[in-house]
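What follows is a group of structures, each given as structure tokens.
Shared between the two complexes below is chain A, which has chain B as its partner in the first and chain C in the second.
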Partner chain A sequence: MSLIPGIIAFGLYSACLYAIGAVGFTLQFGVTNVLNLAYGAILTSAMYVDYAIGRGTPSIWFGILIGAVWGALVSVVFGRVIVMPYVRRGASLVAMAMVTIGVALIVQYTLEAIQGPFVYSYQVAQQSTVRIAGVTMSEEQLIIIGAAVVLMIAVHALLQYTRLGLAMRATAVHPSLARSCGVSTERVRTTAWLVSGALCGISGVLLGISTGSFDSVTGASFFITVVVAAIIGGVGKPYGAMIGALILGLVSSAAAAVISPDYKDIAAWVILIVVLVIRPQGIFAEFSSGRELIG
Partner chain B sequence: MSPATQFYVSSLSILFGINLIAVWGLDLQYGFTGIYNFAYIVFQAAGAYTTGLFALHPAAYYQANETYVGGFNLPFPLPLLAGAAAGGLLALPLGFIGVRRLKGDYQAMAMLVLSLIATAFVNAQQNLVNGPTGISFVEKPLSTQLPLTPLGYQWAYLGLVAVITLIVLWIVRSIVSSPYGRVLRAVRDSETAAASLGRHVNTARRTIFVLGGALAGLSGGLLMYYVTAWSPTSWLYPETFLFFTIIVVGGTANLAGNALGTLLVPILIVEGTRFLPQIGYPGLIDSLDWVVIGLLMLGFLWFRPQGLLPERRRKWVTFVPEGRRSLHDLLRFRPPSALPVSTRGER
Partner chain C sequence: MNRQSGARAYQDSMRFSRQLPSLAALLAGALVLAACASNSSGQGSGNGRLQIDNFDPFSGPNSSYGVYEQAGCVPAVNLINAAGGVLGHKFYCSITDSRGDPADAVPAAQQLLATSPNLVAIVDQDSGVLTATVPLFNTAHITDLSIGGDIPFDTNHYTYFWRTIPGDDVAGYSFAAYLKHYTKYTKVASVFTNDQSAQGNVPGLLKGSKNLNLSIAANETLALDQTSYETEVQRLIAAHPQVMVLESDPQTAGVLFGELKQANGLMPTVLTSGTEGVSFDRAMVAAIGRADYLKYFVRVIQFAPSAGYAWQVWNRALMAAAKAGQVKTPSVYASSIYSEDPYDNVNMIALAMLEAHSTNPVKYNPYIKKVTTGSTVVHSFAQGKAALAAGKTINYAGVEGQVNFDQYHNSAGVWGVFQPLTNKLITSIPASLVAGAEGR
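Here is the complex of A and B:
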């Protein structure tokens, strides 16, 4: 019984980390209709930039700012300079997947070439801890939870209460109809790349700070988690991704506490496989009418 | 040729043959049938591991603190066949998860993630195939029985690879040039049209997924025997992307194009750069190779998405007389004439 508060606390904490990444990934897919397989690589690049600017000393607030700016910048450039020209040229969806993996490789191996045979580690400072309901959490973890909650509320407000959010949702559901209603889908898509990139960069920096050390493939392995959370909720649905991240965080935290820490990741993989077999369109797919992902 | 050159040429030729088998298997799935198997390298890995585990002695035989299942120490052709079978068998569960209902780029993403998961899983399981260290000490087939110098053995192994590559070419050619090949292309181009003509779309996909997996397993087995060691770093997800780059560069759904791509991409770029003088730290050039491969993919998809040798569009229906319609006969049969599709005759 005493396990339960711990499971919930660490489940929530992981869920917050996953949710930032998953919402960014899924939002961009929903609006621009391109699966961005370079997401993990952009996420890694944000870690490197934060590490280079912060000179190895983690500073969470500053890091969030750097991650957001860098991620947004890279993502908009990637979307406008690489992805959109290919889409305009009539590249098939699978060709787009190959283009984005190609970019992922270019980024990942450029980072590896810069890094050389080292692993970067943050200098860990002594942290103050807080005890809540019998669970000890570091200040850093609480800041991450807080930042994630604020970001999720911001995404919710953007989508529901602004004209831009309305335009995004319209573009996601029916781009040509949105265009004929006067929505500049081009600009909306650029904004989606921007928002997605900012979330991507933030989640990268937070991931780097929370794990303490990273190399050029850290983003690729975190990308699994991002995709699992997004698939659970139905790819392209930001609210689905939030719930997916929550389910994923709680289940993997429970598996780690009840069975063994090795099973943290395996629980995520089992969830992915079960969802792909039973409900490949995701649990919350009926809330939105995007394009068909399954036959 | 000096012995060193001979060694180099023979090993490049061996790698060419092994890669080509895998590329044909993948193009059968991707180019001819439209299955986006971004986890292809996992099948090659399954074949390599299985071959290794069937060829090795049990772990306790070596004083190396390795832990793996199996270690059956079977004689030469059996482990290779087991590797091919393992690739084919792996296609059944993975096909059930990733290919049965998912479409297009969603399928590609799901397979990519399954590939990442497979690597993480093998890394985490120390007892299955010795975790991150991988398995080694696999003996090359018949290397102790044959009275050959190391160089002579190279050429002998090249002969084996060449024979297997030709057999695979015959199999793949038979499939894609047969009526069944038309079914596959129909499944790729329009699933609905293929189904409306009474073709079993899912059966065709599943068959090709298993067959491509078996070819990947076969190439993995040959690679295992050649390099004698195999670990999770041998089959990271970029390797699948390398195969796709080969196909896109050489030409999708074109067997000769696949061969051209295999010659150009891995052999010239990955092997050719070994001759460059060392810059920076060891491994820097390897990293830059991958950057070049990524750029190559982007460049070809932009300037020449159909590849160097594009797919031949068949516009003519071959006239096949009654009684000669079995696959075997069809292959030997050289049609005396061809009828245009638009001819409205007794057919």
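Here is the complex of A and C:
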């Protein structure tokens, strides 16, 4: 049996999981210029909330709703209550990133305390499968791919075809100019936190459901891949994040199949290094914005 | 989002853009390192009592080990204290979270040593951190009875280090012996995650399979906690193994076997002691269902019979600790080597102190071996204390049975094959068959 259909199908599946998280991460950074390293912890917290509300029984659609609401809520509160005061005091990019690391650890250790020593596992019923081009995929995996595609289209529509999207792009490129043109940058940045948080929460819930089991550091490990995808594509560039995720998913899947599964993560980091050498700004980015932190 | 306004902004953003990916990668790395930071915590108040520290992972992927081992330490200490303690001293079990990772374990060990004047012993350090932490405890002259299977300690020369289980490589030989002598399978897939603990099994499995004329159809090393293992699944299926031997963390196993089942590729699978624990079982049931888990899987671990006087004393003490609210769900630990081992280790430490007439590790450490080689066989601390008081030399044969420390302070025992979830013993593997797999 050829490995190629499997590499493509499951590389795409992994890419979809990465892409939702990476787009959320990079979208928020693009608009606010705050490197939110608490993103992985918020992502993990969404798994816990979904697990608690669903009592351990996974439901993708319900989970997406819960993840979106939880992630959006937490992110907006995080952006307004924690990030904004620092930004107003003129915190640097690095200082702000350190604050987000602190928040990440607080969330992680809180979840660890709630969780205790055992991982959480969803109660998974027997799933129906579909065979496509010699590859067997579960209904759940196909739904996750579908959900990711819909979400990416929605992000595209938001950015390209709405006034809000235009305002977000303007704020990302030149916040002062956007303000002088009548754009409410405060509203835009709140929306950016909200949309980013929703994608973060959805990403967390789908990750939890797809792996079946999770603990307080599951999101932290996944977040690294999300950041790699975002950097490959060009930080602050949602389309770049999509492409970065696709490259990561396919290459790491191919590395596992062709070389050895042990080289999966290595392949991801090699891609990152190669891309940064060739295009330091990432594949998609021409030049990131970021003259000022706008929380 | 990439309009530019003027050459200045262009240059500024260019500089920023060039620095940003590196900065982001650096900070993301810092986040991971910080996320893995030590969570050392000593529990329980000393009040002048002597401290036995359970130095184990209580968080992170292997966190269930710490809970299992604390469930063994506490009943032992209760029995010792109830029997009047040792030389007028009573004990308590503290915990230190090693997180199962040398980077966290070393500062945790340093902090423990710096802040614990009543520390007299370490029990049950797990695999993966021994190389980093044993030298620290040895230099501090703290006796350390470990359950860690790290291979370098097969020929250990640390005076204060003792191990009452075989090395992880010996576990690998036991899998080969099981497959050869108790099953009809000859084509084996070796599937282990890329952490040090899991990888410790691989050399023994490969060499043992070769010695017993089993063929290795696939030898896969898995990266931990991926979102999909489908390509690995395809490689495995393409290799047509008849049986798989596996160690991984719960999440990796859940994803791997979920996809293996999806591809109709479930096969008889031998699990290692590294998969023991509620978390792994839950993840597997979630991934493939209880019926398939029971149908396809067995677990080969060091064997201690859930019967006999020593086990009954242990079990009663465990239930009493549960009744006192010190241990939850005691039935989970009653037949687990991960709880029985620290129970025995604490008893050996206390008996060694009695025989040495000292609670000072420098004095009692040589007696760890002596309390397992005397003339009067004892199966509990109380029996041992009475025998020593009567002027006899003792041979402590606890829940794990007879301990035979070799020149490297290692003691190996019998292996058992268990059904997961029910922990039902299917068969036991005599040491002679494992020795045969080793080529001895």
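By definition in this document, the second predicted complex is superposed on the first by the 282 of 295 C-alpha atoms of A that agree within 3 Å, B and C clash if a C-alpha of one lies under 4 Å from a C-alpha of the other, contacts with A are read in each partner's own complex, and residues count from 1 in each chain.
Criterion: a residue touches a chain if its C-beta (ideal position, glycine included) is under 8 Å from a C-beta of that chain, and two chains touch if they have at least 3 such contacts.
Note that the structure is predicted; figures quoted are calculated from it, not measured.
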| item | value |
| --- | --- |
| Fit-or-clash call for chain B and chain C when the two complexes are aligned on chain A | clash |
| Partner chain in contact with A:Asp262 - chain B first, chain C second, else both or neither | both |
| Touched partner set for A:Val270, first chain B, second chain C, both or neither | neither |
| Touching partner for A:Pro280 - first (chain B), second (chain C), both, neither | both |
| Chain B versus chain C as contact partner of A:Ala172, first or second or both or neither | second |
| Touched chain A residues, chain B compared with chain C | C |
| Partner chain(s) touched by A:Tyr86 [first = chain B, second = chain C, both, neither] | first |
| Partner chain(s) touched by A:Ala95 [first = chain B, second = chain C, both, neither] | first |
| Partner chain(s) touched by A:Ile106 [first = chain B, second = chain C, both, neither] | first |
| Partner chain in contact with A:Val227 - chain B first, chain C second, else both or neither | both |
| Where chain C runs into chain B (options 4-12, 22-30, 76-84 or 346-354) | 22-30 |
| Common interface positions of chain A, toward chain B and toward chain C | 35, 37, 93-94, 97-98, 101, 104-105, 108-109, 112, 117, 220-221, 223-224, 227-228, 231, 235, 262, 265, 272, 276, 280 |
| Touching residues (chain side chain B, partner chain A) in the complex | 36, 38, 96-98, 101-106, 108-110, 112-113, 116-117, 120-121, 124, 191, 237-238, 241, 244-245, 248, 280-284, 287-288, 290-291, 293-295, 297-298, 301-302, 305 |
| Residue ranges of chain A touching chain B (in the complex, touch as defined) | 35, 37, 82, 85-86, 89, 91-99, 101-106, 108-110, 112-113, 116-117, 220-221, 223-224, 227-228, 231, 235, 262, 265-266, 269, 272-273, 276-277, 280, 292-295 |
| Complex contact set, residues of chain A against chain C | 1, 3, 6-7, 9-10, 13-14, 17-18, 30, 35, 37, 40, 93-94, 97-98, 101, 104-105, 108-109, 112, 117-119, 121-124, 126-127, 129, 135-138, 159, 168-170, 172-174, 177, 207, 210-218, 220-224, 227-228, 230-231, 235-237, 252-254, 256-257, 260-262, 264-265, 272, 276, 280-282, 285-291 |
| Residues of chain C defined as touching chain A within the complex | 1-5, 9-10, 12-14, 16-18, 20-25, 27-32, 34-35, 37, 39, 58-61, 63-64, 66-67, 194, 220-232, 234-235, 237-238, 250-251, 254-255, 258, 262-264, 277-279, 282-283, 285-287, 289 |
